[in-house]
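Each of the next two complexes has chain A plus one other chain: chain B in the first, chain C in the second.
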Partner chain A sequence: MRRLAQGECDDGKPTKFTPPPKPVIIDKTQSEASLRKFLSPEFIPPRQRINPLKFSIERKDMIQRRKVLNIPEFYVGSVLAVTMADPHASGKTNRFMGICIQRGGHGLGATFVLRNIIDGQGVEICYEMYSPRLQQLEVLKLEKRLDNNLMYLRDALPEYSTVNLDMKPVPHSVTGDVPVNKTRVRMRPKPWSKRWERPKYNVQGIRFDLCLSPEKLEHAQTWAEPWREYDMLKEYDTTALEERILKEVQTEMSK
Partner chain B sequence: MRLNIQMLISHGRVARKMGLGPESRINMLRNILTGLVRHERIETTRGRADEVRFYAEKLIDYAKKGDTDEKAMKMANFWLTEKDLIPKLFKVLAPRFETQPKAYTRMARIPNRENLDKAAMAVLEYKGNPFPPLQTAKRDNELTLINQLLKGYREERAQQAAAKVEA
Partner chain C sequence: MAAWTCGVLLYRGARVLAGRTGAGRTGAGAAGDSCLFQSVRTVKTTTWWEEHLTEDNKSYMRKSLGEEYNRQIAAKLHPLKDEPWPRQEWTKGSRRVGLVAVKLGMAPVWTKTGERHVVTMLQVQDCHVLKYLSEEEYDGHTAALVVGGKNASPFYKTDEEMEMFRLAGVPPKQKVTTFKVSDNAIIKPGIYTHHHHQTSIGKGFQGVMKRYGFKGQPASHGQTKTHRRPGASGPGGDPAKVFKGKKMPGMMGNVFDTAHGLKVWRVNTRYNVIYVHGSVPGHKNCLLKVRDTNLPTYVEKNINPPFPTFFFEEDEQLPEDLYDEDLFIHTQPSLTL
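Then we have the complex of A and B:
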């Protein structure tokens, strides 16, 4: 009895080649776009005496760039990894990861600052979101913090700003609320770069009871301006504007 | 320092400097606003009347939300130093301006004060007050040909905008 060679069935005729089943990759981290209703803050125009046509043209350009480069949803306090084109680096790209401490700018000039501590040296890099040099933005950990601006991490103990360079992406849910990290940070001894205890910075995420005496905290409250919340001139209500812009951006992105 | 044109341009600042500082400015505006709500027609300097006008109209916008609204009550409590005027604001002034969307106040200029400072004065009033009418600056005669044509053009544009919104 002759052994069957590969590619022959019982009849002696060559079998039809059946390709092996494709491996199904379930990328749990960030393949799907977020289903939350999130409008990136740089889309909201500031309060200015500029013709709104400028903002609508800028929005078109921003949407065009977003169709090429996926800019994910992230907040101040999330951990991001950014690959940027660099002509002087071997491999022509460099990768940096860190905690986002600030999101600034409006329109195409929107920026975000990532902070990390590398070899004991604190490093902050300010990236422009719509710069053509950016090649990939990954959100390694999506979370919010108690403040909108984490610049006080410069004066906090280094353990709060270090991000492990081989960190793996943490899976986050696509729907539902973004987790809020309620850590309150311990500070180095004074002097600090800014007087964070003053009410104008409105910092919730520092443990003042460990570094300042109650008299000093009371003295800092003398700079509180209690009339500010009642001053109608300073109010800028963006809810209607935000809804309109969110609808416009969603329709344009799905095209 | 360099005396340049930039010093004359406000660069987006809309609040006048009044009194001894921001707190003093707000307190002064509070007093004038309380007087306006009590008497419905007051006489002050032109700058102060112009500043109070914005706050008076915003206060009416808040009052229109009703006195059950927390924020509206907090605002009224802050801005009216005489607390017997809070019910007057919510029960008399807010219903009076229910139909109007925007302009609740009227400002008219007055001859300068007789004191040594000869300050430019103005009268600020809420519309619909019981006093005899003020003489404000006269608008152009609406019955001239050009004004009639412009009125027709404006109405046509409004009609087209309404039709666009419906469609």
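Then we have the complex of A and C:
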């Protein structure tokens, strides 16, 4: 009888090392109060003269859809993988993963845009969150970035938009703050699709010092509108509304 | 009374003015006199309803009227108790009464094959039939039913308008329209027209558009002279005139516009909301007329609707939502195409 060497099984052929499955830890010790409160931005109605009844009817439909399809919490800058029904693909589904660069729309028409670079070609797909063709939404990496809108990644170096297609989900905690990724991105030489240095885009996540001279940055500041932050007509305080809607959504989802 | 006294005052005041100017400049006296008659305006200085009331009275008026209208609406919800006019059967070619609805907003909707369409949500708020006009009264061809829409406050309505609402026993409405109706579809005034009346497919609408300003011409010219001028106004020497109906700058909008043949995707019975395909003229929260289509493509689908309208039976419970067969309902699992 000889000792089995590592990587051999009974008949002497080398086996592939299969790692043991990771144990799934369900933390029931954390109370609800410590869980992070997150209300998806499409639930918050925009400031318009629309009857609130319309929003409440739409919200009911959204909650019904969320009970069937789990739409997880994610932010702009997180990496998501989406499986969608596709009649022309083999297996009838197609899977796409990428960085979320934008979340738009309100109510049932809410959308998010995922960007990835595949075979050297940048690809952006805009998905509707409540479309019945979406079958699964996974968050591979939950993080925030310095900006709310990462459209400047189109003019940045490709390494910042690539997401490895074999990426494994990175575990994230359910409590506490969402990690903020403070990378500041290097850009390709100008011309860009938009003049990102201008203050109306309010971009924090670009390394302007590497691509623009201080004179150009100063010249861009001439388009600044410093009075806008004092404009009272543009104030839209949603804190009370958000709390109410969050409570309503949580009670409906737990039913 | 207030109007009359005011008119007299103005006249007198104007006279006084003319007298003063006459004293000042003798030449202008006659001119002043003629101006007098041309410039007399009827200025109405009526008061608004709450100007001379105390706070307590104001709140009492509002509350009592609100309660009275709630009672009236509750009384009209079950018209079968009230000896309604005889209900007749649907025949081909008969027209039902329509509804008055409020445009809430728009939302996306998906079919079972995954296509996305947009719908407008229309809410039917307190739609009551106000009056019946027989053929002779209306126009000699068809009978008509006068229908009212959303409830409004009675304080800003004239007495003549209030008379009609009082006869029908119904709170005053913001919008009153007439619908042409065939004889077998007449309903006794005071009946609450329920949105369930409209489960069939295909509607026609009317709304009032906001004004846009000048319409101008489509900008599909190749030249770069000036971009918004009308260009040529017609052919040359042979007609030697501009044809009638030539598009020229002018008033646009603020007319009744109709969207025809819109499909109804879904009806919510709890809030009385109709989900209708596509867009509808009018701004949000505007009042629209809704009626069945006359378009030939949809006539077969509208056979045997609830006629003349949907009457609420005492014990009947309607499902909360009524969906079109192609529509994807969000409680179903995700599509697997």
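FYI, the second predicted complex is superposed on the first by the 221 of 255 C-alpha atoms of A that agree within 3 Å, B and C clash if a C-alpha of one lies under 4 Å from a C-alpha of the other, contacts with A are read in each partner's own complex, and residues count from 1 in each chain.
Please note the rule applied: a contact is a pair of C-beta atoms (placed from the backbone, for glycine too) under 8 Å apart; a residue touches a chain by one contact, two chains touch by 3 or more.
On a predicted model such as this, the values are computed, not experimentally measured, just so you know.
**Q** After the alignment on chain A, I want to confirm one thing: do chain B and chain C clash, or do they fit together?
**A** Result for chain B and chain C: clash.
**Q** In the superposed arrangement, which partner chain does A:R49 touch: chain B (first), chain C (second), both, or neither?
**A** both
**Q** Pick one for A:A85: touches chain B only (first), chain C only (second), both, or neither.
**A** After superposition on chain A, A:A85 lies in contact with chain C alone.
**Q** Under the stated touch criterion, which partner chain does A:G104 make contact with: chain B (first), chain C (second), both, or neither?
**A** The answer is neither, since A:G104 touches no partner chain.
**Q** Under the stated touch criterion, which partner chain does A:M232 make contact with: chain B (first), chain C (second), both, or neither?
**A** first
**Q** Could you tell me if A:D61 is touching chain B, chain C, both of them or neither one (first, second, both, neither)?
**A** In the superposition, A:D61 contacts chain C only.
**Q** Counting residues of chain A in contact, which comes out ahead: chain B or chain C?
**A** When the residues of chain A touched by each partner are counted, C comes out ahead.
**Q** If we overlay the two complexes on their shared chain A, which of chain B and chain C does A:P171 touch? Say first, second, both or neither.
**A** A:P171: touches no partner chain.
**Q** Chain A residues touched by both chain B and chain C?
**A** 48-49
**Q** Once bound in the complex, which stretches of chain A touch chain C?
**A** 48-51, 53-54, 57-58, 61-62, 64-65, 67-69, 85-87, 92, 107-109, 128, 130-135
**Q** Using the touch rule from the top, collect the residues of chain C that touch chain A in their complex.
**A** Residues in contact with chain A: 102, 104-105, 107-108, 110, 114, 116, 121, 123, 268, 271, 273, 284-285, 328, 330-337.
**Q** Can you list the chain A residues touching chain B in their complex?
**A** 48-49, 225, 227, 230-233
**Q** What residues on chain B touch chain A, complex-wise?
**A** Per the stated touch rule, the residues are 12, 14-15, 22-23, 26, 54-55, 58-59, 62, 74-75, 78-79.
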